[in-house]
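Read through the structures below before going on.
Each of the next two complexes has chain A plus one more chain, namely chain B in the first and chain C in the second.
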Partner chain A sequence: MIAIFWVLAPLAAASGFMVFRFSSMARATIALLVSFLASGALLILLGLGYLGVVVILMMVMEMIIMAVFMIAYMMNPAGLMPMSMTHNKPRARAISVTSFLLLAAGIFAVPWPPRAGAPPASPTFQLGAALMGSQMLTMVTLGFVLLATMVTAIVLATHRGRYDRFGDDLKRRPAADPAQGGVGM
Partner chain B sequence: MITSAPLWSVLVVPALLAAFAAAAVTADGLLAARAAGRPLRAAVAAGPLAEVPRLLAGQRRSTVASDALLWRLGVLSVPAAGVLAALVIPFGDVTASRMSVGVVWFNAMEVLTWAGLWMAGWGANSALSLVGGYRFVAQGLAYELPLMFALIAAAAGAQSLDVADIAAAQSHLWFAVWMPAAFVIYLVSVYAFSFLGPFAYPAGRDLAGGVLAELSGADRLALEAGRWLLLTAGAGMAVPLFLGGGAGPVLPAWAWSAAKTLAVLALLVWGRRRLPVLRADRYAELAWVVLIPLAIVQALVPALVDLAR
Partner chain C sequence: MSLQLFLLLAAGLFAIGLYGALSQQSIVMIMMGLELMLNGVIVAAGRLPTGR
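Now for the complex of A and B:
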């Protein structure tokens, strides 16, 4: 267990660091993905199987979609010309090193209390009960806010509306879509 | 009762998966020969597998200014995803790794193909293979959500994410019988994540092979084998999820698992030659307008049945 931790934890940290060293957007994205995969595996190691596997599942999809946008919007996406993803280097370095040392010192300085109680038999069930029980209102509100944000963003981004698709009287079927051959609804 | 096998059985999984995949490739070659009107001889049957030593000995192509690290990593992660996904599939009474969240693990490992194919497409520094990689991402956005809801339907029917529990919950009635929509969506998604048959779009002939365009030698073997391993893993997972696992009369459990896996695999291999390749944008519209609502309604059925129990 400890051996696996000492493989995964430095891997997560090192690949997270490499995100800022690579000049290729593709490599930076994959380095971030490796960091997330190692973090997900660490969660599994802690006995939180569901959370760990879901982190792996979601992060693969998210990072690949992010890669599409990074490459679409960044100049020099393939890193063929040297570029830097960092700004204000000396001060940023000082701040990050200081805060890392402070946090790391805190880990060793704090007198940790002895463990009270035992972990639940099924952490996945506990998580579901928390999300669907005490945190139900939060999750439902969050869900609606996220959905509304997504719908709004798409409505703002698309230049075509239902009158373009179905005609002025909304009676044209199938819809006039730029890419023909879909469902046409 | 399905028990966890000793740790060494993890090594048996790739061998068993490869054996089933080899059977599928052979059957596919025979179907191709029949469709072309060639006589069905032993040489024809051995044809696709005879490619293996040829590809292993073949030279690996390198391209100008390729991102070799991402390219090789992407190519290798596709067969790795197939094997890792297969770890949680029970075979008869034993499973290499009994996980309390086995269904989610299967889903996560199958999703690794997204990263694998995108990297394989990107790394070659070739327009055709890049388009192939992007095609798989577009296809992924279409197939993934209906697949997730199909998996949720099976998990909800058993009230467990453990694949062994899901197989055991079908002792009276297979999930394929009372959740037919989830079963069909699952089978369609198996084609999608193994980019075979109607979902061969990322490796389409109109792209001179797409993600496969710049691959030769061992790299091509890895990616080609990867898609067949994924198809086989998908067929194997259909058995505990929807077809009652190893349960059956007279024969031992492992025989039923093998027979059901081969039956699903045969259906998938036969269907692969019958169905036309779908464009990702067309399937995306079908998936989001028709399949996702259908899958959600399907997932509601076991949820209501659970409540009524």
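Now for the complex of A and C:
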């Protein structure tokens, strides 16, 4: 147990550190993913199996989406042209080190109490019962609201489609655009 | 495993994320810093309820 901790904890911290050292955006995203995977594995090590698996699954999906955004929208996604997208590094470093030292001092100064009470028998089962039982209506409504939001966003974003540009048979040339010279002339 | 070790890891992740969130200029990288801070909170929240 303690040996696995000493593998996972430095891995989580070091890959978290590397997020802001890598120039390549894809590498930075994967470093953050490694950090999350290590802490998810630590949660599993603590006996919080459900929570650990949720963190791992959620963060794998999130980092895939994040990598697409990073590569699509960053100015220098591959890190091939050296450029700095940072500001005020010395003060940020000072604030970060100070907050770490304060937190560490607090961690060792506070007399942490032992566990009060016993853990519930099966927290995962209880969570499932709460979500699928009393909160079922909330979750179903939430699902439809999210779906309606996505459809509405796409409809609003594409109010001029190809049929508006090229006519009903898609044969109009040039396209009827407010400003001429676009794609698909 | 001791509570202090876990909380120390959580504090380290939080501080690294804080550095990123303060020093990065693009919104996506600031998000990465915030995520790292969240990672620290997750580690601490996973260990704290079991006490010393």
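Convention: the second predicted complex is superposed on the first by the 123 of 185 C-alpha atoms of A that agree within 3 Å, B and C clash if a C-alpha of one lies under 4 Å from a C-alpha of the other, contacts with A are read in each partner's own complex, and residues count from 1 in each chain.
Going forward, a contact is a pair of C-beta atoms (placed from the backbone, for glycine too) under 8 Å apart; a residue touches a chain by one contact, two chains touch by 3 or more.
The structure displayed is predicted, hence computed values, not measured ones.
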Contact-wise, after the overlay, does A:Phe144 reach chain B, chain C, both or neither (first, second, both, neither)? neither
Could you look at A:Tyr163 and tell me whether it touches chain B, chain C, both or neither (first, second, both, neither)? neither
Quick check on the superposed pair: does A:Ala9 touch chain B, chain C, both, or neither? Answer first, second, both or neither. second
Which of the two partners, first being chain B and second being chain C, lies in contact with A:Arg27: first, second, both, or neither? first
Counting residues of chain A touched by each partner, does chain B or chain C come out ahead? C
Mind working out whether A:Thr86 is in touch with chain B, chain C, both or neither, as first, second, both or neither? second
With both complexes overlaid on chain A, does A:Ile64 touch chain B (first), chain C (second), both or neither? first
Based on the A-chain superposition described above, do chain B and chain C contact any of the same residues on chain A, and if so which? none
What residues of chain A sit close enough to touch chain B in their complex? 24, 26-27, 30, 33, 49-50, 53-54, 56-57, 60-61, 63-65, 67-68, 78, 80, 122, 124, 179, 181-183, 185
What residues on chain A touch chain C, complex-wise? 1-2, 5, 9, 12-13, 16-17, 19-20, 25, 28-29, 32, 35-36, 39, 42-43, 46, 48, 51-52, 55, 66, 69-70, 73-75, 85-89, 91-93, 95-97, 99-100, 103-104, 107-108, 112-116, 119
Chain B - residues contacting chain A, complex: 65, 67, 69-70, 73, 99-101, 104-105, 107-108, 111-112, 114-115, 118-119, 122, 125, 134, 137, 140-141, 144, 161, 279, 281-282, 284-286, 289-290
In the complex, chain C touches chain A at residues 1, 3-9, 11-20, 22-26, 28-29, 31-33, 35-36, 39, 42-43, 46-47, 49-52
